[in-house]
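By written order: A, B, C, D and E. Residues from 1 in each chain.
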Amino acid sequence: MPEILFFTLVAAVAILSSILVVAMRNPINCALSLIMTFFCLATLYVMLDAPFMAAVQVIVYAGAIMVLIVFVIMLLNMRTETSKNYVHGVLVSCIVAVLTLFVISGFLKKSPLTGEPGLMTTDLVDKVGHTELIGRAMFSDFLLPFEITSILLLVAIVGSVILAKRKL
Amino acid sequence: MITLHHYLILSGILFSIGALGVLIRRNAIVIFMCVELMLNAVNLTFIAFSRYLGNIDGQIFVFFVMTVAAAEAAVGLALMIAFYKNRESIDVEDMNIMKL
Amino acid sequence: MDFSLSLITFIPLAGVLLLLVMPRNNAMLRGTALCVSLVGFIASISLICEFKPIADYQFVENLPWIAAGSFQMNYHVGIDGISLWLVILTTFIMPIAILSTWTAVEERVKEYMICLLLLEVGMLGAFVSLDLFLFYIFWELMLIPMYFIIGIWGGKNRVYAAVKFFIYTMVGSLLMLIAIMYIYFKAGAGDFDITRFYSIGLDPASQTWLFLAFALAFAIKVPMFPLHTWLPDAHTEAPTAGSVILAAVLLKMGTYGFVRFAMPLFPDATARFTPLIATLAVIGIVYASLVAMVQEDVKKLVAYSSVAHLGFVMIGLFALNQQGIAGGMLQMINHGISTGALFLIVGFIYERRHTRLITDFGGLSKQMPIFATIFMIVTFSSIGLPGTNGFVGEFLVLLGGFESGLRTWTIIASSGVILSAVYMLWMFQRVMFGELTNPKNQVLKDLNAREIVIMAPLIVMIFVMGIYPTPFIDKMNPSIDRLIVQMKQKQVAHVVAPVTAPGRAGIPAGYPELPSGHPAGEAK
Amino acid sequence: MFDNVWLIPLLPLIGFLVNGLFGKKIKNEAVIGGIGTLAIFGSFLVSCGILIQMIGTSPEHRVFEKVIFPWIHSGNFKADMAFLVDPLSVVMIMVVTGVGSLIHLYSIGYMHGEEGFYRFFAYLNLFCMSMLLLVLGNNLLVMFIGWEGVGLCSYLLIGYYFHKKSAGDAAKKAFVMNRVGDFGFLVGLFTLYWWLGSNQNIWTINFMELKQASHLLPYGGVVTVATLCFFVGATGKSAQIPLFTWLPDAMEGPTPVSALIHAATMVTAGVYMIGRMSFIFIKSPDTMMVIAVVGAATAIFAATIGTAQNDIKRVLAYSTVSQLGFMFLAMGTGAFAAGIFHLMTHAFFKACLFLGSGSVIHAMHYALHHAHSHDDAQDMRNMGGLRKAMPITFITFLVSTIAIAGIPGFSGFFSKDEILWQAFSNPYHGGLNMILWGIGAVAACFTAFYMFRLVFMTFYGDCRIQPKAKSHLHESPLVITIPLMVLGFLAAVGGYIGLPKLIGELFGGIPNYFELWLDPVFELAQEYGHTYAQVGGHHNVALEWGLMGGSVVIALVGITIAFTMYIKNTELPGKFTSTFPALHRAVYNKWYIDELYDFLFVNPCKAFGNFLWKGFDVLVVDGIVNGVAAVVKGWSGAFRYTATGYVHNYAFVMAAGTMAILGYYIFR
Amino acid sequence: MELALPQLNFMAIMPETVLSVVAMALLLINVLVKGEEKAYLGYLSLAGLVGALFSIPWGAKISGFSDMVLQDNFSAFFTVIFILCAGLTILISDGYFKKEGCNHGELYPLILFATVGMMFMAKATDLMTVFLGLEVLSVALYILAGFNRANTKSNEAGLKYFLLGAFSTGFLLYGMALIYGATGSTKIVKIAAMAAQSSAVMNNPMFLAGMLLMATGFSFKIAAAPFHMWTPDVYEGAPTPITAFMSAGPKAAGFAAFVRVFVIAFPTLMPQWSELLWILAVLTMTTGNIIALSQDNIKRMLAYSSIAHAGYALVGFTAHNASGVSGIMFYLLTYTFMNIGAFAIIILVGKKGEPNNNVQDYAGFGVKHPVLALCMSIFLFSLAGIPPTAGFIGKFYLFAGAVQEGYIWLAIIGVLNSAASVYYYLRVMVFMYMKSPEEEFDWVKLSPAIMLCILIAVAGVLIPGIIPNSVLNLATLSLP
């Protein structure tokens, strides 16, 4: 019972802050709200027996990516979006978003969990440790994706340099 | 008892809000942040599934999604800077040289 | 295997390659193109000599071409009596066409000649193909050079005409492509050999749709009545050679398609749609004649007359008897010769006066007697005067039509012989007769040697085919017989009722019923 | 000699080719004319040979077929280029080559100095060839070649003076009207071929085979249809109602042409055709009646118009139409031999008349030309009293006029009388016979009247030519007058080979050679006819004499009226005109038939064609095509605005699309 | 606990390895090469591509890295397409980027990395590899689209592509997540097995929804309507060689992944996705062709045309039988030739900054440069699907596949579209040949590289058009 209360609280904060991301006029405020959401999600990850993911969420997402974003916002010096925050046709977009919600929740409600159950029980996580589990998986079965990721990051680095460096 | 569906519905809500943000905001950076919100919603789904299935694959996937998000953030922001240099704006309503 | 057909088909292609590497010396280019086309013609003459009047396909070459996945396409060519003459017609017309724009086309001669020769490849290929896929390839291949010929070397409104020509034809042929695929899958594993498709028994329902798809493609090309409007535009805008080839050969693709593909492949549907096709053909004849009558542009007039003439061909083909089909086939060749000649004639005066309006002329006979004579012969050939080629075909068509279930249609179609005289002669009169009032016309020069050389073979053919058509008919007869037998065997249900004998009940009341015996015999 | 029948059409063909191809180079008129004339004269000689040979053979063997080469063979259809020599075709070739030769000869003089002299002779030879094909053809198709060939030559020769618009118009009109007839001919041919083929399995268009198979044909019914169609063909070629209007206009051609084509030969092709297929025509009583009625009607109708024309050739043209009507009347009443007989005599006297008028025109033209006058050389109102200046022309003309008027002793009398008598007495049309005879008789009266009016206006009375021109009038050269004389002679005596039985009996039973000669041809037809019509119902010697006398009287009445009006009392015509102005106007304007046709057919056709073109073809048919293109382009123009350039719009579409897909599949 | 490495099988990713190594090496070499000589990097990358081409293990079925990838003929075939695409792009790049003044050496490694991404997509047998391959490709493409950073159009193209691409990634990922949830695996074979085994999975709405969301994600990549909207803007704005690259390679990669995932993972949902693809195909063809009709900018026009071509390929996918799929493969291969060939000509005609990319600017090109115009015509005719070009054979197989499966109406709509498309292809030729030249086209300079590219492209259009046997057989042998 306390769990569900906690979940509800975290979820409410996550939803609220995400709404703020969409609604705030100042991009900095948006970014901060987003960071708030990320923290909420990290909390939820912990509740889902994924402490390592929670940590990564905080470090990578809230720490690295959001800092980058805030930095760029500062760089581009756009404190506020002066007159118009929203594009034209907000109402229709809202309808679509509500529809999205409706559709997604519509099928999610009816969807049982049918996947093949795995071995990673809460006990195992407790016993072995989440990080080790992740690490083992990452460097055995998921070696290739991991390597691809390295290429991806390399590409991103090269690209950022090419695109944003003052002088080439 | 918190069930899987709690998480799924929450992620659905976040996904929808993210999508809404993409649709209605003018600022490219904010739009990108909304995309990130969507990705995070997906991440939540993955991790929830992973937990309830007892299968680690989903978490690994989330890990990669985060990496991708980081890479996209770098490239996307670089693109925005380049655009801003030329146009003094990152308002998506200014991105319409090419149309029709 | 005898490779003569491939040789004939691809001689022009060799010419194209030759032209590609030649310098831009107009005289040389023209000469080469002419030589190549002449070589092609001479080579094709050998076909006539070696062609045996039997029903089988001859000079057959069947080589595997594409065999991948579920498909098997062969390079399968061969000719029978039906396609023989169309091949000859094509090779015969080409040198004439090339000669015809000897001086009219001064720009981009190289491209022009290449287009003409490529066009020849396409046309010949389409006529000799016995593989539906191969046929389709050639069929579409023809569009490209023709498009350029109209579009680059055409008149004022050439772009519109060229694009219209291209897309109009394309729409029809693409639907045919779907139909080809459908038949292929219906026929089961194998190749695209038409003889194989002939023998599969399609159910009437799918025959209906397939026939419609084929018929649309061919009817556009023919062109049949409501689908004809690309023709006047294309003809009017095309340069002389383009018009000549368009009229002489390209339109025949449509009728040839009917007789080679649409009809034998779908006998039931053919029977079912015969009334419709015949109706459209008849409407085409009368309608196009009436429209031709009031045209102000000579070329347009001739273009509309083509619609009418091809209407006759269609009637003949769908009469589905020996005379009708033979007539239709002959009429195809005849139309190629006489209408080709008419376009050449229009080209001659256009080259001199740069106008085609009938009202700009008048009284040319006085200034250009040779031209007048030739024009007159061609005019009468087009009208179908006995002794000229036009008659034999038209007569057999009408005879065949009358014998078949299309009697009523044929009678209406016969009125075309009146109307054709009306519009052709009226045009002839306005152009050639009367006072030579226009000062620009008073200085016109008569045909020069080149122009006479161009016209001479056509004129000869007009008479040869008119007076002695036997060799032409004899060679095609066995193939036509086979076609008819093939179709009658497969026709399950005839929508057009077979000829019903009126019997002897035609004697008016009041006259005594008579025994059928010979009265003279009884008297003695 | 029979075997050489192919020479008959070949010689003129050679003449045509030589003159046509090389005439321009030859230049020498004598040579050109000589070639042309000799070509046809050669045919004449061959024809004579054949005639002589045929006379020598027994009547049963007077049929000879000669296949030259196979022409169109397709399935069960077979038409060879083949000739049929029988008494009927021999008569025709004799007339064609004989009269033809004379007219060729005449043309050398008449066409002297004309531009395109060679062209004229080439055409003339071509015409002779076509006509000979027509009469010699052993099947309907060869006949049809000739049939259309003569139409072509007629077109070419009418349009000989192509720079004149009227000539071009006339030529075109002639050809088109002929084509209307040809359409009928073709349909008739098809009907016959198809019916016999599909019902009796006799697929033929060969005359002899048709003749053998004719007993299989029913009476009436399909035969009526076929024969009526053929008859439409005949009306076109032979200028009968309703397709007669081209013939008067055809006078735009040079006069020898009028003589040869539009009097002696081509226009009689319809009659010949009916004669050739008499055994089929007779099987349809209805058609016979139609032919007779149309013939009679044309005879009287054209005759009335002829009374009011002032152009010398037009009078003759209407006269021709009228005489052709007589021939059809004969055919329609089953008097085939008489019809052919009239055809022959008519060829003589009408050719002579035309040539005579040509001679007059020639002289007039010369005279007026030298007087620098622009008066119409063909208008009889400008003539008068020419008999002194042109005696030979006058005499031959007069003889022919007497012949056509039906004065006993001259050829026209015998033939015309025979027709009238048979129209009266032949049993085919019951009560109608009397009426037919009556109409024929009245037409004969008119004939006499307008012909003598012509003679009187031209050769008698005061000379109305300008004095200046008068002195230039002179008789035509020999080359012109010789044919005139020969034809005049024939017009006078040609009738004696077909003496009516009645008269023949007077002279010791001289048979009607002509009828006897043609008997093998028409025998079968008569037999068929007698199966449904009683013979000799009216036969009565006294009656025949009476009618003969009557027709003479009628002719004399006509002549007298003409004499009264144009010699004795020259104000009468004027008075008559002013008394009945409407009638005169109507007659003078040919009963407004041309205008009627324009109104009924020509103008609506043009208007309809214009409507179809501009109102339907361009607007609707092409409009749909271009409309489709325009609609597609329009959609294109509209749809391209979906690409607004705004990212959020694009994202919106993507999201909406995704949701639509999801919603559809999840909740359906 | 031992770290048990699975069977790695580097053979399975041989070409990718080669290319990655070459690309990284190039990044280093780039530092040493001066501005004018960046072309050498191009040559080196070409060498790398050739190396990759030869390192493809044909005929083998090698799965590696715990079934993350599967090297089979299917992926080999697509790898060839990607290598060709990259090679041809590199051939036309040097001249263009020199002209535009941004011939940075990073271009070549980026192209190679994008190619690597595509290759991974084609051989991915795990949704994770699909996703990562796609991201490598996408990220590289975002950069490449915005490569000419001084050019506002290029900026805009890059940014638009990025925003929309990221957005669509969200949907794709969400779909993958749902599939994962429904089946408990991201391996496509496993997914299929689960669906086949258990009706609970099959009846799970999540499974269906996941499939649909993945379909939309892939649709974005292959530019199928209504997920095509980015295409014209991005194609127009991106540097022309990159446009050429994007129109051919990533589309092929998208199809490769799309086909493999759907055919192997979702055979049980075949009725649904087949129906969906039917609708998408019709929408895509029609939208692409209709809007292309009124385009003046030739790059934009080709963008719409490429949308339409995706539609044609979807026709074959809808049928997903042997003819259809081998048709897709053949078509994508030849489409690479014709489209890049056409873009090569566009590059030649274009001035700096591309102010003259309108159809009207081609007036009289045929007179001034008959050979180039002829090549352009060949490409355009091939795009229009007129024999004897490869475009026709490809379309034939695609539509024949549809007909074989009874999708007659789809085929009919397809050919009607094809007929309509002729109009705008012809329009270019109208201007090239049938209008009188207004300019001298003296800036059109043929470098050996671009000549080679055009030559290869012409050969690649004509040879498979006339004797398509070998290519078709290869495609048939390479079915997934």
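Simple rule for what comes next: contacts are C-beta pairs under 8 Å (C-beta built on N, C-alpha and C of every residue); 3 or more make two chains touch, one makes a residue touch a chain.
The shown structure was predicted, so the numbers you read here are calculated from the model rather than taken from an experiment.
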Partner chains shared by chain A and chain D (touch criterion as defined above): B, E
Pair joined by the larger number of C-beta contacts - D-E, A-B: A-B
Central chain (by mean CA position): C
Distance-maximising chain from chain D - centres being C-alpha averages: A
Chain C and chain D: spacing of chain centres that average the CA atoms, whole Å: 36
Cα-centroid distance, chain B relative to chain C, in whole angstrom: 65
Length of the line joining the C-alpha centres of chain B and chain D, rounded to whole Å: 97
Separation of mean Cα positions, chain E and chain A [Å, integer]: 30
Shared-contact residues (touching 2 or more other chains) in chain C: 167
Sequence positions of chain B contacting 2 or more other chains: 8, 15, 18-19, 22-26, 28, 31-32, 49, 53, 55, 57, 60, 64, 68, 71-72, 75, 78-80, 82, 90, 92-93, 95, 97-99
Residues within chain A bordering two or more other chains: 87, 93, 96-97, 100, 104, 107-108, 111, 113, 115-118, 142, 145, 149, 152, 155-156, 159, 161-163
Pairs of chains in contact (touch as defined earlier), listed by label: A-B, A-D, A-E, B-D, B-E, C-D, C-E, D-E
Chain D partner contacts - residues on chain E that touch it in the complex: 159-160, 163-164, 167-168, 171, 205, 208-209, 212-213, 215-216, 220, 226-227, 229-230, 232-233, 272, 276, 287, 290-295, 420, 423
Chain A-touching residues of chain E, taken from the complex the two chains share: 1, 3-6, 8, 13, 20, 24, 27, 64-66, 68-69, 104, 106, 109-110, 113, 116-117, 120, 126, 128-129, 132-133, 135-136, 139-140, 142-143, 146-147, 149, 158, 178, 180-185, 190, 194, 198, 200-201, 204-209
Partner chain B, residues of chain D touching it in the complex: 640-641, 643-648, 651-652, 655
Footprint of chain E on chain D - complex, ascending: 629, 632-633, 635-637, 639-640, 642-643, 645, 647, 649-651, 653-658, 661-662, 665-666
Sites on chain C touched by chain D in the complex: 164, 167-168, 226, 228-230, 287, 290-295, 321-323, 326-327, 363, 365-366, 369, 376, 380, 383, 385-387, 391-392, 395-396, 398-399, 402-403, 407, 410-411, 414-415, 417-418, 421-422, 425-426, 429, 432-436, 467-470, 473-474, 477, 481, 499, 501-508, 511-512, 514, 516-521, 523
